[in-house]
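Common to both upcoming complexes is chain A, partnered first by chain B, then by chain C.
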Partner chain A sequence: MIRILKDLSKRILNSLFGRKEDIKLGFYGPPNAGKTSLANVICKDWTGEDIGKVSDVPHETRHVQVKEKVEIDYKGKKLTFKIADTPGIATKVDYEDFLKYKMNKGTAKKRAKEATQGIIESIKWLDDMDAIIVVLDASQNPYSQVNITVVGNIVARKKPVLIVGNKIDLRKANLKKIEAAFPDYEVVGISARKKKNMDDFYEALFRLAKKI
Partner chain B sequence: MSNKRGVTRTRGLSLHVLPFSEIQHLSITDRIKKILKLILGNKVVILQGRLRVEEEIRLVEDTMAMIDHVKQFKGIELAVIEPNLKEANILDKMKHGLANKLSGGANALTIIGPATIVKEIKKDPKKLEIYLG
Partner chain C sequence: MPNQCIHCSEIYGDGSEEVLKGCSKCGSRFFFYISEDKLKKIRESSEEEIKLSSEEKRQIEEDVRDIVGIKEDEAPIVMDFESVKVLKPGKYLLDIQNLFSKERPLVYKLEDGKYIVDLVASLNRSDEKTI
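Entry: the complex of A and B
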């Protein structure tokens, strides 16, 4: 109830006096979908710096990484964001999965512990975000319950959401499947690695910002 | 366990059907506690109905906290099956909506299993496949 009133008063103030604060934009999704890759493209484009390290090993991001004052000046429109790249949300974390990546047992166990804590941290940050980008791997099945739970929670918190299907450069990618799984939300297909379709992404991002 | 022919066998599987009425009057904390207690007992829980979205995310949070504290526990696999109402008529949709409000999604089924037993649940709009370890 308090949260709803807080959000409502913020919206009224924003509409009366214009937005004073930076837009807090959260990147959410399952591990290895490309959240950091996409956040890096944006941060590099507009600040010249990356937000975090990317890797093929799942749970590379184990703490929320923040980049302040990311001013995007796109086609004459300007918005300033505070970008939060969050650890991937999963329902299981098994240190043995990391052993496949030539990690020793101690390092793998430490990584697993940090990953579980990172997931809890991600969820805690949801309330602080103004808008959320859910990044999904377009080459994977989108119907996983974690994806549905994450999107459901964002909607229940009345936060605007944009779904990004990443990795559309892969042969197995199927953006239509994501669109079918989430028919009520805008879905944009991109490849963060190849910087493909970023124009469509920025257009969608500005549309998302209008919904705050 | 795989034999020489490559056929996978599971050493017994314990399913626990949990009627929604058993958790209906519990707080979020107690609902999640009850489900996780069954999961820690190596049971695959079939809940008649579904948890609310805030309960699902709480289940994920508590599962993560538990992985850190319970040896051998690696998390859960979770899936919800619900009837597809996209092509249903307005009356059916209203009936379904009312039933959902009264009984936590009586037409839905939630499957929650320990990740050590349920390796993967593949969900598609029309089918659900459960892979056991």
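Entry: the complex of A and C
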């Protein structure tokens, strides 16, 4: 109840006096969808610095990474974000999956433990976010338990959500499948690696910010 | 609910002080809750041994303490519910719906259907009841 009243008064104040606080924008999704790659493109574009390291090995991001004061000036409109890039959410973390990346057993087990910790941390951060970007790999089946649970829980918390289908440069990519899986939400297709369709993304991001 | 010591499999009744002070057989403070049904089954089948090597148990305890963020080795952990299962060191299964759910505490479970950890409740207990 107190939270609802707080949110309401924040919204009224924001609409009366313009937004004073930075928008807390969380990047959520399964591992290896490209959350850090997309957050890096945004941070590099507007602050000149990356937010984190990317890798082909799943669970590269194992702690929430934050970039403060990311001021985006897009087509004459300005918004300042606090960007939180979160570890990928999974229902299973198995060190054996890391062994094929030429990792030794000890390192792989440590990575699995940290990835599990990271998932718990990601979920804990959700309540603190104003809006969420769910990043999905457009070349993968969107109807996964993780995707549905993540989107469902964000919506249940009444957080505005934008779904990004990343990796549309891949031949297997199928954005329509993501749109069909989540018909109630805006879906934007991009390639963070090739910086493709970033204009569409920024347009959608500003529309998302209006919903806060 | 009764508790079972993860290291030596000793079983203690509900509210036993060994859970706070440490297992009287091996001194461990790492337990899981065990339902009455499960207890009955264990007694009937006499399969009370936990099927993990002592090195695996030690590693799991270390990992769980690390994940939970409990620095003191002395703090007892009682595991319950099923949000995060630790099958073996480095192998985890997560029930993310449970983790998202604010009503349910965050938990760990060792080996299918048997060994369980309660994260939030353990932490709360250390604040509220000085377990």
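Observations
Heads up, the rule we're going with is that the second predicted complex is superposed on the first by the 212 of 212 C-alpha atoms of A that agree within 3 Å, B and C clash if a C-alpha of one lies under 4 Å from a C-alpha of the other, contacts with A are read in each partner's own complex, and residues count from 1 in each chain.
As a working rule, a contact is a pair of C-beta atoms (placed from the backbone, for glycine too) under 8 Å apart; a residue touches a chain by one contact, two chains touch by 3 or more.
Keep in mind the model is a prediction, meaning the values are calculated, not measured.
If you put the two complexes together on chain A, you find that chain B and chain C bump into each other. Looking at the shared chain after the overlay, A:108 reaches chain C, while chain B stays out of its contact range. Of the two partner chains placed by superposition, only chain B is touched by A:143; chain C is not.
When the shared chain is aligned, chain B and chain C each come close enough to touch A:119.
With both structures placed on the common chain, the touch criterion links A:168 to neither chain B nor chain C.
Legend: residue contacts after superposition of the two complexes on their common chain; A:153 is shown touching both chain B and chain C. When the two complexes are overlaid on their common chain A, residue A:94 makes contact with chain B and with chain C alike. Chain A uses residues 89-94, 112-113, 116-117, 119-120, 123, 145-146, 149-150, 153 to touch chain B in one structure and chain C in the other. By the touch rule above, chain A contacts chain C in their complex via residues 89-96, 105, 108-109, 112-113, 115-117, 119-120, 123, 126, 145-146, 149-150, 153. Against chain A, in their complex, chain C makes its touches with residues 59, 63, 66-67, 84, 89-97, 99-100, 106, 119. Listed in rising order, the residues of chain A touching chain B in the complex are 89-94, 112-113, 116-117, 119-120, 123, 141, 143-146, 148-150, 152-153, 155-156, 180-181.
Residue ranges of chain B in contact with chain A, taken from their complex: 53-54, 56-57, 60-61, 63-65, 67-68, 74-80, 115, 121-125.
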